[in-house]
Amino acid sequence: MAAPFQFPIRIYWEDTDAGGIVFYANYLKFFERARTEWLRSLGLGQQQLREQTGGMFVVTEARLRYLAPARLDDQLWVTAQLQQQGRVGLTLVQQALLVPPPLSDQAPTLLSEGTVRIGWVDAASFRPTRIPSTILEKIS
Amino acid sequence: MAAPFQFPIRIYWEDTDAGGIVFYANYLKFFERARTEWLRSLGLGQQQLREQTGGMFVVTEARLRYLAPARLDDQLWVTAQLQQQGRVGLTLVQQALLVPPPLSDQAPTLLSEGTVRIGWVDAASFRPTRIPSTILEKIS
Amino acid sequence: MAAPFQFPIRIYWEDTDAGGIVFYANYLKFFERARTEWLRSLGLGQQQLREQTGGMFVVTEARLRYLAPARLDDQLWVTAQLQQQGRVGLTLVQQALLVPPPLSDQAPTLLSEGTVRIGWVDAASFRPTRIPSTILEKIS
Amino acid sequence: MAAPFQFPIRIYWEDTDAGGIVFYANYLKFFERARTEWLRSLGLGQQQLREQTGGMFVVTEARLRYLAPARLDDQLWVTAQLQQQGRVGLTLVQQALLVPPPLSDQAPTLLSEGTVRIGWVDAASFRPTRIPSTILEKIS
(Lines give C-alpha, C1' and ligand atoms only; values in the text may rest on other atoms or scores of the structure.)
Protein backbone atom coordinates (compact mmCIF):
# COMPACT_ATOMS: atom_id res chain seq x y z
CA MET A 1 0.00 0.00 0.00
CA ALA A 2 1.33 3.43 -0.96
CA ALA A 3 2.27 5.97 1.70
CA PRO A 4 -0.65 8.30 2.50
CA PHE A 5 -0.81 11.82 1.07
CA GLN A 6 0.32 14.31 3.74
CA PHE A 7 -0.54 17.98 4.10
CA PRO A 8 0.87 20.40 6.74
CA ILE A 9 -1.65 22.36 8.85
CA ARG A 10 -0.79 24.97 11.45
CA ILE A 11 -3.12 25.66 14.40
CA TYR A 12 -4.33 29.28 14.64
CA TRP A 13 -6.55 31.10 17.17
CA GLU A 14 -9.58 30.46 14.93
CA ASP A 15 -9.13 26.69 15.38
CA THR A 16 -9.06 26.65 19.17
CA ASP A 17 -11.81 26.96 21.77
CA ALA A 18 -12.08 28.07 25.39
CA GLY A 19 -10.91 24.62 26.51
CA GLY A 20 -7.50 25.67 25.18
CA ILE A 21 -7.57 23.02 22.44
CA VAL A 22 -8.73 22.62 18.85
CA PHE A 23 -12.54 22.48 18.61
CA TYR A 24 -13.63 18.99 17.57
CA ALA A 25 -15.52 20.02 14.43
CA ASN A 26 -12.40 21.64 13.01
CA TYR A 27 -10.71 18.31 12.36
CA LEU A 28 -13.34 17.81 9.66
CA LYS A 29 -12.12 21.10 8.13
CA PHE A 30 -8.53 19.85 8.27
CA PHE A 31 -9.55 16.52 6.72
CA GLU A 32 -11.38 18.38 3.94
CA ARG A 33 -8.30 20.53 3.22
CA ALA A 34 -6.13 17.41 2.99
CA ARG A 35 -8.62 15.70 0.62
CA THR A 36 -8.68 18.84 -1.54
CA GLU A 37 -4.89 18.95 -1.69
CA TRP A 38 -4.73 15.22 -2.40
CA LEU A 39 -7.06 15.75 -5.38
CA ARG A 40 -5.05 18.81 -6.46
CA SER A 41 -1.81 16.79 -6.28
CA LEU A 42 -3.43 14.45 -8.84
CA GLY A 43 -4.29 17.39 -11.11
CA LEU A 44 -7.92 17.58 -9.97
CA GLY A 45 -9.20 21.06 -9.03
CA GLN A 46 -12.71 20.91 -7.64
CA GLN A 47 -13.89 24.28 -8.98
CA GLN A 48 -12.66 23.27 -12.44
CA LEU A 49 -14.23 19.80 -12.20
CA ARG A 50 -17.55 21.35 -11.37
CA GLU A 51 -17.40 23.71 -14.33
CA GLN A 52 -16.39 20.87 -16.66
CA THR A 53 -18.63 18.08 -15.40
CA GLY A 54 -21.46 19.73 -13.47
CA GLY A 55 -20.71 17.45 -10.55
CA MET A 56 -19.00 17.61 -7.17
CA PHE A 57 -18.10 15.46 -4.19
CA VAL A 58 -20.24 15.60 -1.03
CA VAL A 59 -19.52 13.81 2.24
CA THR A 60 -21.98 11.03 3.00
CA GLU A 61 -20.40 9.58 6.12
CA ALA A 62 -17.68 10.52 8.61
CA ARG A 63 -16.23 8.73 11.63
CA LEU A 64 -13.67 10.24 13.95
CA ARG A 65 -11.80 9.22 17.07
CA TYR A 66 -10.11 11.92 19.14
CA LEU A 67 -7.03 10.64 20.96
CA ALA A 68 -5.10 13.73 22.09
CA PRO A 69 -5.71 17.48 21.77
CA ALA A 70 -3.93 19.96 19.49
CA ARG A 71 -3.14 23.48 20.75
CA LEU A 72 -2.39 26.96 19.44
CA ASP A 73 0.79 27.11 17.30
CA ASP A 74 0.97 23.32 16.93
CA GLN A 75 2.12 22.00 13.58
CA LEU A 76 0.17 19.00 12.25
CA TRP A 77 0.44 16.60 9.37
CA VAL A 78 -2.99 15.66 8.04
CA THR A 79 -3.16 12.60 5.80
CA ALA A 80 -5.55 11.29 3.17
CA GLN A 81 -5.41 7.75 1.85
CA LEU A 82 -7.83 6.06 -0.49
CA GLN A 83 -9.24 2.98 1.21
CA GLN A 84 -12.01 1.95 -1.10
CA GLN A 85 -13.21 3.05 -4.52
CA GLY A 86 -16.70 2.49 -5.91
CA ARG A 87 -18.66 3.76 -8.90
CA VAL A 88 -20.37 6.61 -7.09
CA GLY A 89 -18.17 7.13 -4.05
CA LEU A 90 -14.79 6.85 -2.38
CA THR A 91 -13.75 6.04 1.18
CA LEU A 92 -10.65 7.67 2.64
CA VAL A 93 -8.75 7.06 5.84
CA GLN A 94 -7.47 10.27 7.37
CA GLN A 95 -5.25 11.12 10.32
CA ALA A 96 -4.10 14.24 12.13
CA LEU A 97 -0.61 13.90 13.57
CA LEU A 98 1.29 16.31 15.81
CA VAL A 99 4.72 17.10 14.40
CA PRO A 100 7.35 16.81 17.17
CA PRO A 101 9.62 19.82 17.88
CA PRO A 102 12.60 20.25 15.54
CA LEU A 103 15.73 18.26 16.54
CA SER A 104 13.59 16.05 18.75
CA ASP A 105 13.77 12.29 18.25
CA GLN A 106 10.09 11.82 19.12
CA ALA A 107 7.74 10.21 16.63
CA PRO A 108 4.66 12.17 15.53
CA THR A 109 1.70 11.78 17.92
CA LEU A 110 -1.61 10.60 16.49
CA LEU A 111 -4.23 13.19 17.56
CA SER A 112 -7.28 12.01 15.68
CA GLU A 113 -8.17 9.63 12.93
CA GLY A 114 -11.20 8.75 10.93
CA THR A 115 -12.78 7.53 7.77
CA VAL A 116 -14.69 9.78 5.41
CA ARG A 117 -16.94 8.57 2.62
CA ILE A 118 -17.52 10.98 -0.25
CA GLY A 119 -20.03 10.58 -3.05
CA TRP A 120 -20.13 12.20 -6.46
CA VAL A 121 -23.38 14.11 -7.10
CA ASP A 122 -24.90 16.34 -9.75
CA ALA A 123 -24.24 19.85 -8.35
CA ALA A 124 -27.77 21.06 -9.17
CA SER A 125 -29.93 18.10 -8.11
CA PHE A 126 -27.59 16.49 -5.52
CA ARG A 127 -28.43 13.10 -7.08
CA PRO A 128 -25.67 10.47 -6.80
CA THR A 129 -23.92 10.07 -10.14
CA ARG A 130 -21.08 7.92 -11.48
CA ILE A 131 -17.69 9.43 -10.78
CA PRO A 132 -16.27 10.85 -14.05
CA SER A 133 -13.63 8.60 -15.61
CA THR A 134 -11.09 11.47 -15.61
CA ILE A 135 -11.20 11.32 -11.83
CA LEU A 136 -11.16 7.53 -11.55
CA GLU A 137 -8.13 7.27 -13.83
CA LYS A 138 -6.14 9.73 -11.77
CA ILE A 139 -6.88 8.33 -8.33
CA SER A 140 -6.30 4.65 -9.23
CA MET B 1 -35.25 57.28 15.48
CA ALA B 2 -36.83 53.84 15.89
CA ALA B 3 -35.43 51.35 18.40
CA PRO B 4 -32.91 49.02 16.75
CA PHE B 5 -33.83 45.48 15.77
CA GLN B 6 -32.54 43.05 18.42
CA PHE B 7 -31.66 39.38 18.09
CA PRO B 8 -30.57 37.03 20.92
CA ILE B 9 -27.33 35.08 20.43
CA ARG B 10 -25.88 32.53 22.84
CA ILE B 11 -22.13 31.88 23.02
CA TYR B 12 -21.12 28.26 22.33
CA TRP B 13 -17.75 26.46 22.35
CA GLU B 14 -17.45 27.03 18.57
CA ASP B 15 -17.45 30.81 19.13
CA THR B 16 -14.62 30.92 21.66
CA ASP B 17 -10.86 30.64 21.29
CA ALA B 18 -7.94 29.60 23.48
CA GLY B 19 -7.88 33.09 25.02
CA GLY B 20 -11.11 32.03 26.76
CA ILE B 21 -13.16 34.62 24.86
CA VAL B 22 -15.12 34.96 21.64
CA PHE B 23 -12.79 35.06 18.59
CA TYR B 24 -12.90 38.52 17.03
CA ALA B 25 -14.05 37.43 13.56
CA ASN B 26 -17.15 35.80 15.03
CA TYR B 27 -18.77 39.13 15.80
CA LEU B 28 -19.10 39.54 12.03
CA LYS B 29 -21.01 36.23 12.03
CA PHE B 30 -23.28 37.53 14.80
CA PHE B 31 -23.82 40.81 12.96
CA GLU B 32 -24.70 38.89 9.79
CA ARG B 33 -27.23 36.73 11.70
CA ALA B 34 -28.86 39.88 13.11
CA ARG B 35 -29.03 41.50 9.65
CA THR B 36 -30.60 38.32 8.25
CA GLU B 37 -33.20 38.25 11.04
CA TRP B 38 -33.87 41.97 10.60
CA LEU B 39 -34.59 41.35 6.90
CA ARG B 40 -36.69 38.29 7.78
CA SER B 41 -38.70 40.35 10.30
CA LEU B 42 -39.60 42.60 7.35
CA GLY B 43 -40.72 39.63 5.27
CA LEU B 44 -37.47 39.42 3.29
CA GLY B 45 -35.91 35.96 3.01
CA GLN B 46 -32.54 36.10 1.26
CA GLN B 47 -32.75 32.70 -0.44
CA GLN B 48 -36.18 33.65 -1.79
CA LEU B 49 -35.01 37.12 -2.90
CA ARG B 50 -32.18 35.56 -4.83
CA GLU B 51 -34.51 33.13 -6.60
CA GLN B 52 -36.96 35.92 -7.43
CA THR B 53 -34.56 38.74 -8.35
CA GLY B 54 -31.23 37.08 -9.19
CA GLY B 55 -29.56 39.44 -6.75
CA MET B 56 -28.11 39.37 -3.25
CA PHE B 57 -26.44 41.57 -0.66
CA VAL B 58 -22.67 41.48 -0.20
CA VAL B 59 -20.69 43.33 2.44
CA THR B 60 -18.52 46.11 1.02
CA GLU B 61 -17.22 47.63 4.23
CA ALA B 62 -17.11 46.77 7.94
CA ARG B 63 -15.78 48.64 10.97
CA LEU B 64 -15.69 47.18 14.45
CA ARG B 65 -14.56 48.27 17.88
CA TYR B 66 -14.08 45.65 20.58
CA LEU B 67 -14.74 46.99 24.06
CA ALA B 68 -15.13 43.93 26.30
CA PRO B 69 -14.93 40.17 25.72
CA ALA B 70 -17.80 37.66 25.62
CA ARG B 71 -17.33 34.19 27.10
CA LEU B 72 -18.78 30.68 26.89
CA ASP B 73 -22.48 30.51 27.89
CA ASP B 74 -22.91 34.30 27.71
CA GLN B 75 -26.21 35.56 26.36
CA LEU B 76 -25.97 38.51 23.96
CA TRP B 77 -28.33 40.87 22.24
CA VAL B 78 -27.12 41.76 18.76
CA THR B 79 -28.70 44.77 17.10
CA ALA B 80 -29.15 46.02 13.55
CA GLN B 81 -30.27 49.52 12.73
CA LEU B 82 -30.45 51.14 9.32
CA GLN B 83 -28.28 54.23 9.31
CA GLN B 84 -28.22 55.20 5.68
CA GLN B 85 -30.01 54.01 2.56
CA GLY B 86 -28.78 54.52 -0.98
CA ARG B 87 -29.74 53.18 -4.40
CA VAL B 88 -27.24 50.34 -4.45
CA GLY B 89 -26.38 49.91 -0.81
CA LEU B 90 -27.34 50.25 2.85
CA THR B 91 -25.33 51.12 5.94
CA LEU B 92 -26.23 49.56 9.28
CA VAL B 93 -25.08 50.26 12.79
CA GLN B 94 -24.72 47.08 14.83
CA GLN B 95 -23.94 46.32 18.45
CA ALA B 96 -23.29 43.23 20.56
CA LEU B 97 -24.50 43.64 24.14
CA LEU B 98 -24.02 41.30 27.09
CA VAL B 99 -27.33 40.50 28.77
CA PRO B 100 -26.98 40.86 32.56
CA PRO B 101 -27.89 37.89 34.81
CA PRO B 102 -31.62 37.45 35.55
CA LEU B 103 -32.93 39.48 38.49
CA SER B 104 -29.88 41.72 38.27
CA ASP B 105 -30.39 45.46 38.02
CA GLN B 106 -27.32 45.91 35.81
CA ALA B 107 -27.68 47.46 32.39
CA PRO B 108 -26.49 45.45 29.37
CA THR B 109 -22.74 45.86 28.67
CA LEU B 110 -21.67 46.98 25.23
CA LEU B 111 -19.13 44.40 24.00
CA SER B 112 -18.56 45.51 20.45
CA GLU B 113 -20.07 47.84 17.92
CA GLY B 114 -19.61 48.64 14.30
CA THR B 115 -20.98 49.79 11.01
CA VAL B 116 -21.49 47.46 8.08
CA ARG B 117 -22.12 48.60 4.53
CA ILE B 118 -23.91 46.12 2.26
CA GLY B 119 -24.38 46.46 -1.48
CA TRP B 120 -26.87 44.75 -3.76
CA VAL B 121 -25.23 42.80 -6.59
CA ASP B 122 -26.20 40.53 -9.41
CA ALA B 123 -25.55 37.05 -7.94
CA ALA B 124 -23.84 35.79 -11.11
CA SER B 125 -21.65 38.76 -12.10
CA PHE B 126 -21.25 40.44 -8.68
CA ARG B 127 -21.90 43.78 -10.40
CA PRO B 128 -23.52 46.45 -8.21
CA THR B 129 -27.19 46.81 -9.07
CA ARG B 130 -30.08 48.94 -7.83
CA ILE B 131 -31.76 47.48 -4.78
CA PRO B 132 -35.15 46.02 -5.83
CA SER B 133 -38.09 48.25 -4.90
CA THR B 134 -39.72 45.41 -2.91
CA ILE B 135 -36.78 45.62 -0.53
CA LEU B 136 -36.64 49.41 -0.38
CA GLU B 137 -40.35 49.66 0.40
CA LYS B 138 -40.07 47.27 3.31
CA ILE B 139 -37.01 48.74 4.96
CA SER B 140 -38.09 52.40 4.73
CA MET C 1 -37.59 5.74 26.15
CA ALA C 2 -38.08 9.46 26.69
CA ALA C 3 -38.49 11.83 23.74
CA PRO C 4 -35.15 13.37 22.72
CA PHE C 5 -34.22 16.91 23.68
CA GLN C 6 -34.82 19.25 20.72
CA PHE C 7 -33.19 22.57 19.90
CA PRO C 8 -34.06 24.89 16.97
CA ILE C 9 -31.22 25.99 14.67
CA ARG C 10 -31.52 28.37 11.75
CA ILE C 11 -29.13 28.18 8.77
CA TYR C 12 -27.17 31.39 8.10
CA TRP C 13 -24.66 32.36 5.38
CA GLU C 14 -21.80 31.34 7.73
CA ASP C 15 -23.07 27.74 7.75
CA THR C 16 -23.19 27.25 3.99
CA ASP C 17 -20.47 26.65 1.40
CA ALA C 18 -20.02 27.23 -2.32
CA GLY C 19 -21.91 23.99 -3.02
CA GLY C 20 -25.00 25.93 -1.87
CA ILE C 21 -25.47 23.68 1.17
CA VAL C 22 -24.38 23.47 4.80
CA PHE C 23 -20.68 22.54 5.10
CA TYR C 24 -20.37 19.04 6.56
CA ALA C 25 -18.27 20.01 9.60
CA ASN C 26 -20.95 22.44 10.75
CA TYR C 27 -23.31 19.65 11.79
CA LEU C 28 -20.81 18.95 14.58
CA LYS C 29 -21.26 22.58 15.66
CA PHE C 30 -25.04 22.13 15.64
CA PHE C 31 -24.75 18.88 17.60
CA GLU C 32 -22.52 20.63 20.16
CA ARG C 33 -25.04 23.47 20.55
CA ALA C 34 -27.83 20.94 21.15
CA ARG C 35 -25.73 19.05 23.73
CA THR C 36 -24.95 22.34 25.49
CA GLU C 37 -28.64 23.28 25.58
CA TRP C 38 -29.58 19.79 26.75
CA LEU C 39 -27.16 20.17 29.67
CA ARG C 40 -28.43 23.70 30.33
CA SER C 41 -32.04 22.41 30.37
CA LEU C 42 -30.92 20.13 33.23
CA GLY C 43 -29.42 23.05 35.12
CA LEU C 44 -25.86 22.32 34.02
CA GLY C 45 -23.86 25.27 32.67
CA GLN C 46 -20.48 24.19 31.35
CA GLN C 47 -18.59 27.37 32.26
CA GLN C 48 -19.96 27.09 35.81
CA LEU C 49 -19.18 23.36 36.04
CA ARG C 50 -15.61 24.04 35.05
CA GLU C 51 -15.21 26.74 37.70
CA GLN C 52 -16.77 24.49 40.34
CA THR C 53 -15.21 21.14 39.49
CA GLY C 54 -12.12 21.89 37.39
CA GLY C 55 -13.40 19.50 34.76
CA MET C 56 -15.08 19.59 31.38
CA PHE C 57 -16.45 17.34 28.66
CA VAL C 58 -14.40 16.62 25.55
CA VAL C 59 -15.53 14.65 22.52
CA THR C 60 -13.75 11.32 22.13
CA GLU C 61 -15.65 9.87 19.19
CA ALA C 62 -18.14 11.06 16.57
CA ARG C 63 -19.97 9.26 13.78
CA LEU C 64 -22.18 11.01 11.26
CA ARG C 65 -24.28 10.04 8.25
CA TYR C 66 -25.37 12.77 5.84
CA LEU C 67 -28.69 11.97 4.17
CA ALA C 68 -29.91 15.25 2.64
CA PRO C 69 -28.49 18.80 2.49
CA ALA C 70 -29.66 21.86 4.43
CA ARG C 71 -29.67 25.28 2.74
CA LEU C 72 -29.64 28.98 3.60
CA ASP C 73 -32.67 30.07 5.66
CA ASP C 74 -33.66 26.48 6.50
CA GLN C 75 -35.03 25.87 9.98
CA LEU C 76 -33.78 22.71 11.68
CA TRP C 77 -34.50 20.78 14.83
CA VAL C 78 -31.36 19.30 16.32
CA THR C 79 -31.80 16.58 18.91
CA ALA C 80 -29.73 15.11 21.72
CA GLN C 81 -30.61 11.88 23.46
CA LEU C 82 -28.58 10.01 26.01
CA GLN C 83 -27.90 6.51 24.74
CA GLN C 84 -25.38 5.21 27.21
CA GLN C 85 -23.91 6.42 30.48
CA GLY C 86 -20.61 5.30 31.96
CA ARG C 87 -18.39 6.46 34.80
CA VAL C 88 -16.12 8.64 32.67
CA GLY C 89 -18.20 9.23 29.56
CA LEU C 90 -21.59 9.48 27.90
CA THR C 91 -22.83 8.50 24.46
CA LEU C 92 -25.52 10.57 22.77
CA VAL C 93 -27.56 9.99 19.63
CA GLN C 94 -28.13 13.20 17.70
CA GLN C 95 -30.15 14.14 14.64
CA ALA C 96 -30.62 17.19 12.45
CA LEU C 97 -34.13 17.43 11.02
CA LEU C 98 -35.48 19.90 8.46
CA VAL C 99 -38.65 21.58 9.73
CA PRO C 100 -41.33 21.54 7.01
CA PRO C 101 -42.91 24.86 5.89
CA PRO C 102 -45.71 26.20 8.13
CA LEU C 103 -49.18 24.83 7.37
CA SER C 104 -47.61 21.95 5.46
CA ASP C 105 -48.58 18.42 6.39
CA GLN C 106 -45.10 17.07 5.65
CA ALA C 107 -43.12 15.29 8.33
CA PRO C 108 -39.67 16.67 9.22
CA THR C 109 -36.90 15.36 6.94
CA LEU C 110 -33.90 13.68 8.54
CA LEU C 111 -30.81 15.48 7.19
CA SER C 112 -28.07 13.91 9.25
CA GLU C 113 -27.66 11.73 12.29
CA GLY C 114 -24.88 10.48 14.42
CA THR C 115 -23.55 9.35 17.73
CA VAL C 116 -21.16 11.41 19.81
CA ARG C 117 -19.18 10.10 22.74
CA ILE C 118 -18.06 12.65 25.31
CA GLY C 119 -15.66 12.05 28.18
CA TRP C 120 -15.15 14.03 31.36
CA VAL C 121 -11.57 15.26 31.81
CA ASP C 122 -9.56 17.40 34.16
CA ALA C 123 -9.45 20.77 32.35
CA ALA C 124 -5.75 21.27 33.04
CA SER C 125 -4.30 17.81 32.40
CA PHE C 126 -6.98 16.44 30.00
CA ARG C 127 -6.86 13.18 31.98
CA PRO C 128 -10.12 11.18 31.98
CA THR C 129 -11.86 11.58 35.33
CA ARG C 130 -15.09 10.29 36.88
CA ILE C 131 -18.08 12.41 35.94
CA PRO C 132 -19.10 14.48 39.01
CA SER C 133 -22.14 13.08 40.81
CA THR C 134 -24.01 16.40 40.41
CA ILE C 135 -23.98 15.77 36.66
CA LEU C 136 -24.86 12.07 36.87
CA GLU C 137 -27.83 12.77 39.12
CA LYS C 138 -29.28 15.30 36.75
CA ILE C 139 -28.90 13.37 33.52
CA SER C 140 -30.24 10.04 34.86
CA MET D 1 9.14 51.68 4.29
CA ALA D 2 9.90 47.96 4.30
CA ALA D 3 7.94 45.56 2.09
CA PRO D 4 4.99 44.05 3.98
CA PHE D 5 5.14 40.52 5.39
CA GLN D 6 3.33 38.13 3.05
CA PHE D 7 1.67 34.80 3.81
CA PRO D 8 0.03 32.42 1.29
CA ILE D 9 -3.54 31.30 1.96
CA ARG D 10 -5.53 28.85 -0.14
CA ILE D 11 -9.35 29.02 -0.28
CA TYR D 12 -11.11 25.81 0.82
CA TRP D 13 -14.78 24.80 0.97
CA GLU D 14 -14.90 25.88 4.64
CA ASP D 15 -14.09 29.49 3.63
CA THR D 16 -16.87 29.89 1.07
CA ASP D 17 -20.60 30.48 1.42
CA ALA D 18 -23.71 29.84 -0.66
CA GLY D 19 -23.01 33.04 -2.61
CA GLY D 20 -20.11 31.09 -4.15
CA ILE D 21 -17.53 33.40 -2.57
CA VAL D 22 -15.50 33.68 0.63
CA PHE D 23 -17.71 34.66 3.60
CA TYR D 24 -16.83 38.19 4.73
CA ALA D 25 -15.89 37.29 8.32
CA ASN D 26 -13.25 34.86 7.10
CA TYR D 27 -10.95 37.65 5.94
CA LEU D 28 -10.48 38.43 9.63
CA LYS D 29 -9.33 34.82 10.07
CA PHE D 30 -6.88 35.24 7.19
CA PHE D 31 -5.63 38.52 8.63
CA GLU D 32 -5.13 36.85 12.02
CA ARG D 33 -3.15 33.99 10.42
CA ALA D 34 -0.90 36.51 8.66
CA ARG D 35 -0.34 38.47 11.89
CA THR D 36 0.53 35.23 13.69
CA GLU D 37 3.00 34.24 10.98
CA TRP D 38 4.49 37.75 10.96
CA LEU D 39 5.12 37.44 14.71
CA ARG D 40 6.48 33.92 14.25
CA SER D 41 8.84 35.18 11.52
CA LEU D 42 10.26 37.51 14.17
CA GLY D 43 10.73 34.65 16.61
CA LEU D 44 7.57 35.39 18.57
CA GLY D 45 5.27 32.43 19.26
CA GLN D 46 2.04 33.51 20.93
CA GLN D 47 1.53 30.38 23.02
CA GLN D 48 5.10 30.71 24.30
CA LEU D 49 4.73 34.46 24.95
CA ARG D 50 1.68 33.79 27.03
CA GLU D 51 3.43 31.15 29.11
CA GLN D 52 6.44 33.43 29.61
CA THR D 53 4.74 36.79 30.16
CA GLY D 54 1.14 36.02 31.16
CA GLY D 55 -0.04 38.36 28.42
CA MET D 56 -1.50 38.16 24.94
CA PHE D 57 -2.68 40.35 22.08
CA VAL D 58 -6.39 41.03 21.60
CA VAL D 59 -7.97 42.93 18.72
CA THR D 60 -9.46 46.27 19.76
CA GLU D 61 -10.44 47.65 16.37
CA ALA D 62 -10.79 46.38 12.80
CA ARG D 63 -11.71 48.09 9.55
CA LEU D 64 -12.16 46.29 6.27
CA ARG D 65 -13.07 47.17 2.70
CA TYR D 66 -14.15 44.39 0.35
CA LEU D 67 -13.27 45.12 -3.26
CA ALA D 68 -13.59 41.81 -5.10
CA PRO D 69 -14.60 38.29 -4.06
CA ALA D 70 -12.35 35.25 -3.63
CA ARG D 71 -13.59 31.81 -4.69
CA LEU D 72 -12.93 28.12 -4.03
CA ASP D 73 -9.37 27.02 -4.95
CA ASP D 74 -8.12 30.63 -5.24
CA GLN D 75 -4.61 31.30 -4.00
CA LEU D 76 -4.16 34.50 -1.98
CA TRP D 77 -1.32 36.47 -0.52
CA VAL D 78 -2.26 38.00 2.80
CA THR D 79 -0.04 40.78 4.10
CA ALA D 80 0.71 42.33 7.48
CA GLN D 81 2.60 45.58 7.87
CA LEU D 82 3.17 47.53 11.04
CA GLN D 83 1.74 51.01 10.65
CA GLN D 84 1.94 52.39 14.15
CA GLN D 85 3.47 51.23 17.41
CA GLY D 86 2.43 52.41 20.86
CA ARG D 87 3.13 51.32 24.43
CA VAL D 88 0.06 49.13 24.79
CA GLY D 89 -0.92 48.46 21.20
CA LEU D 90 0.03 48.14 17.54
CA THR D 91 -1.77 49.06 14.35
CA LEU D 92 -1.28 46.92 11.25
CA VAL D 93 -2.32 47.41 7.65
CA GLN D 94 -3.39 44.18 6.02
CA GLN D 95 -4.37 43.17 2.50
CA ALA D 96 -5.70 40.06 0.78
CA LEU D 97 -4.49 39.76 -2.80
CA LEU D 98 -5.50 37.23 -5.46
CA VAL D 99 -2.46 35.55 -6.98
CA PRO D 100 -2.77 35.51 -10.79
CA PRO D 101 -2.55 32.17 -12.63
CA PRO D 102 0.98 30.84 -13.26
CA LEU D 103 2.66 32.16 -16.43
CA SER D 104 0.17 35.01 -16.54
CA ASP D 105 1.50 38.56 -16.74
CA GLN D 106 -1.37 39.93 -14.62
CA ALA D 107 -0.64 41.77 -11.40
CA PRO D 108 -2.23 40.44 -8.18
CA THR D 109 -5.78 41.74 -7.61
CA LEU D 110 -6.54 43.47 -4.33
CA LEU D 111 -9.57 41.67 -2.84
CA SER D 112 -9.82 43.31 0.56
CA GLU D 113 -7.79 45.54 2.81
CA GLY D 114 -8.03 46.86 6.28
CA THR D 115 -6.40 48.07 9.42
CA VAL D 116 -6.36 46.07 12.63
CA ARG D 117 -5.44 47.45 16.02
CA ILE D 118 -4.21 44.96 18.60
CA GLY D 119 -3.62 45.64 22.26
CA TRP D 120 -1.52 43.72 24.78
CA VAL D 121 -3.51 42.53 27.79
CA ASP D 122 -3.02 40.46 30.90
CA ALA D 123 -4.43 37.06 29.86
CA ALA D 124 -6.33 36.60 33.14
CA SER D 125 -7.80 40.08 33.73
CA PHE D 126 -7.88 41.36 30.12
CA ARG D 127 -6.49 44.67 31.43
CA PRO D 128 -4.36 46.63 28.92
CA THR D 129 -0.69 46.28 29.79
CA ARG D 130 2.58 47.57 28.35
CA ILE D 131 3.85 45.42 25.52
CA PRO D 132 6.87 43.40 26.79
CA SER D 133 10.19 44.81 25.61
CA THR D 134 11.14 41.45 24.02
CA ILE D 135 8.29 42.01 21.58
CA LEU D 136 8.98 45.70 20.98
CA GLU D 137 12.64 45.03 20.22
CA LYS D 138 11.80 42.42 17.62
CA ILE D 139 9.10 44.31 15.76
CA SER D 140 10.95 47.63 15.54
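First chain written, first letter: the chains are A, B, C and D, and each begins at residue 1.
Here is the rule we use: a contact is a pair of C-beta atoms (placed from the backbone, for glycine too) under 8 Å apart; a residue touches a chain by one contact, two chains touch by 3 or more.
Please read all numbers here as calculations on a predicted model, not as lab measurements.
Counting C-beta pairs in contact across C-D and across A-D gives the higher total for A-D. In this assembly, D is the chain whose CA centroid lies farthest from the centroid of subunit C.
Rounded to a whole number, the gap between the C-alpha centres of subunit A and subunit D is 26 angstrom.
A separation of 33 Å divides the Cα centre of subunit C from that of subunit D.
Of all residues in subunit C, those that touch two or more other chains are 13-14, 19-21, 25, 29, 32, 71-72.
Subunit D contributes residues 19-21, 24-26, 28-29, 32, 56, 58-66, 68-69, 123, 126 to its touches with subunit B in the complex. For subunit D in complex with subunit A, the residues that touch the partner chain are 10, 12-14, 29, 32-33, 36, 40, 45-48, 71-73. On the subunit B side of its complex with subunit A, the touching residues are 13-14, 16-21, 23, 25, 71-72.
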